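To start, the structure under review is shown below, and the notes come after it.
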Amino acid sequence: MPDHRLTFVLGGARSGKSRHAEELISRHQSPWTYIATAQAHDDEMRLRISEHRARRDGRWVTLDAPFDLAGAVAALPDGVPALIDCLTLWLSNRMLDGGDPERGVAELIDALSVRRGPCFVVSNEVGLGIVPDNALARRFRDEQGRLNQRVAAIADEVVFMVAGLPMKVK
Amino acid sequence: MPDHRLTFVLGGARSGKSRHAEELISRHQSPWTYIATAQAHDDEMRLRISEHRARRDGRWVTLDAPFDLAGAVAALPDGVPALIDCLTLWLSNRMLDGGDPERGVAELIDALSVRRGPCFVVSNEVGLGIVPDNALARRFRDEQGRLNQRVAAIADEVVFMVAGLPMKVK
Amino acid sequence: MPDHRLTFVLGGARSGKSRHAEELISRHQSPWTYIATAQAHDDEMRLRISEHRARRDGRWVTLDAPFDLAGAVAALPDGVPALIDCLTLWLSNRMLDGGDPERGVAELIDALSVRRGPCFVVSNEVGLGIVPDNALARRFRDEQGRLNQRVAAIADEVVFMVAGLPMKVK
């Protein structure tokens, strides 16, 4: 199925993930759909959202999907290039909401698996530091790691960003 | 010495290190020896141990070596494929026990160097986050980094796991 | 301009960055200039500085540039091989001093861009752990990530160190 392409862009904070994903999607015909998972809780996040938004022009359609990401992916028309930015904020929204992320993750993997059209998914690698002190952070890091493995397993391409440069993983 | 093969599987939390090492060892003739370094201090760890154990069937022999890992490696019969999972828990056991890990590390490197038979060693990379607040965590991260360098130096193959996928380092 | 070579050595704590950069510079004719950014605030840092210093013999000239790194780079004679160790301590010095690092970063990038002679720059990747609790650490990690991207963008070669081994990124 040559029309189904899933690219997974993984990396640390400020490693150039979003910018690289935007560059990749720009090789496809616009309009492009940007699926945003961020919620503007505080000034730091508002600033980051506005910085990202300032990079996107009229060729972009922006959808907000802080919780029902699987639904947003399933509702995309076939063939439309889409960029999901990012899984880490989505997972955080789901976990802070008190829920077990397991069902949401399964639904997301299903939606990505059957999606027909170029899809670029951004996520953070968060497991390469010292074990966090608090239990919630440890649980988050476990869930994020599991989610990243599942997306990478169904992705056609996986890149790991280092200082703005992509390293090919798959 | 073609019968001496040391493979080092390094990665972050939940990056698929154990699973990848199990896949690599399964290409060798069973039985396989699993050298476990975990100690079941709390529920989180008990759950993780039981999850790992559930993946291993009757073709595995499990040895526990939370402290004397060099002794366990030295006692292995020649040729038996072995998987050590993992150096991070072992180092943590040694350091929490109040000891300077230096001697234990030197003994382990010696034992791995002379071992005859396929050996797969799992360890965590923990140095890619912000400098930890507390001195013990900083010291642990230094010792872990030094240990990883020493094992990588004597290894025949080194892979860095990203989202369940191996990147070849050596 | 074949006489202008910038090599960026990036990695985690205790990943062998300094040692690898020293090995790379040793392929050039000595004397070599070592531009140190560390300040000996406490015993931990004094120990680390003395360990690094013990590895360098009479073929090295050491300059201290904890703040004005751009000035130190600009003052280097053409052609002299230089090693900057490291950007992370320099950035930390600049930020702890209360300043916005933006101007210093721009000056540094300019100085590195016009430098004529082999230059090896060491820096830490700090963005691959869980989001830090405190705002200063989060800001530092953002600034470090941005700085690393800018240096990587102008570098001729970029390596990511894993357990003492270089992975080629660019």
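Letters A, B and C mark the chains as written, and numbering starts fresh at 1 in each.
Criterion: a residue touches a chain if its C-beta (ideal position, glycine included) is under 8 Å from a C-beta of that chain, and two chains touch if they have at least 3 such contacts.
Because the structure is predicted, anything quoted here is derived from the model rather than measured.
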item: If a chain touches chain B and chain C alike, it appears here; value: A
item: Chain B against chain A, contact positions shared by both copies (same if over half, else different); value: different
item: Inter-chain centre distance, chain A versus chain B - centres from mean C-alpha coordinates, in Å; value: 31
item: Residue list for chain A, restricted to those that touch at least two other chains; value: 12, 125-130, 141, 167
item: Interfacial residue positions of chain A with respect to chain C in the complex; value: 11-16, 44, 125-130, 132, 137, 140-141, 162-165, 167
item: Partner chain A, residues of chain C touching it in the complex; value: 8, 10, 12, 125-131, 135, 138, 141-142, 144-146, 148-149, 151-153, 158, 160, 167, 169-170
